[in-house]
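What follows is a set of notes on a single structure, which appears directly below.
Order of writing sets the chain letters: A, B and C. Residues in each chain are counted from 1.
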């Protein structure tokens, strides 16, 4: 019955290890049939693949790259979810995604960036992965990360 | 018993059509007696009435205008709520509002702007419209929108 | 059985009076065994102890000071929680913290700042105070506050 685990394998996705919090909190909390994740940075093996603000122009991170980082954030969030409920097969719905994009003030493509998270959730969970979402452009993120994503998921 | 629909009529408020998501998500999700909306931009008939940052000075959107846009965001959010539960008469409480204001760094009047959302929720739902709220000033919003508002409401 | 009240006394923490909202909303809402607080500014006796952006350099608020303000935000949030459920002894878990830091674009130490909130929640509630958390750097906050913190807590 490990449908989601099988789906991850089909998609060639290997969930990362849970990213340790960079401060005094925990990666995910279970509460009344829900998991709230902490905001996840696009950490890969303990380091950010890029730092800076997203936008067009010299010294900025292109939106296409940022979209890939948002996907990594989502996978890190799922690793956090799995760490507290044991298996992603228990997830019944991805309820809410909030995506923060460290943005050059002229960059307005936050929805496309956060699609990197939304699309991988759809690939993995199908209809149960379709969520409500807010995407905003913030001044700067922890460790100068380009993207941060948090999730609320329902589970049984 | 369509008290809220009658109240909307009294207030001369016609709910807009649901604004289609600008990306890979859905306008609202039903979860355990709650509706989580996506962040809503002040779309009117498919277009933003204004773009840019809110503040005082040349080229900025005045706070009074932004307050009107926050009201539109709230009505778009209610349209999203209605689309998933059928009628706003089922709403028992507006639990939480988060309002993001694309802000010139010198503009600190975010609460007044987001009152455009809070006040119309109070007009429509009375005591059940009184909510917890966060208002913050962000660097930039999707499509260069001046305001974005998301809701959590409880319903029966 | 007033364990938390006793713990506050041990810690020498006196909860402040509830900070009145600066706009058309309420400090906290009770919903299905949870309390959602509004975003809390570091108000002390009705005034902000400092205003401006957090960062390193002339005219900016040092991170160490901002961390103290985040602690004040958390205590203001707990005062709001207590105002709607009567006693902090009813809190079973701090579920989620969101911390917004008004940040100079070069400042990336938001996690350390919001630790001011996370640590005091841990001191007060022990294991029940360990939460999921997002920390982001925003352009500007209401009234030019350096920090804003909101909570979701579960209670019985």
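What we mean here is this: a residue touches a chain if its C-beta (ideal position, glycine included) is under 8 Å from a C-beta of that chain, and two chains touch if they have at least 3 such contacts.
The model shown is predicted, which means the values in this text are computed figures rather than measured ones.
With angles rounded to a multiple of 5, the C-alpha fit of chain A against chain B returns 120 degrees of rotation. Annotation: the chain A:chain C pair of sequence copies touches via predominantly different residues, less than half of the used numbers being shared.
Chain centres here are Cα means. That of chain A falls 24 Å from that of chain C. Among the residues of chain A, those touching two or more other chains are numbered 32, 138-139. Within the complex formed with chain B, the residues of chain A that make contact are 32-34, 93, 95-97, 103-112, 114-115, 118-119, 122, 130-139, 152, 154.
Within the complex formed with chain A, the residues of chain B that make contact are 21-29, 31-32, 36-39, 53, 98, 100, 102, 138-144, 148, 150.
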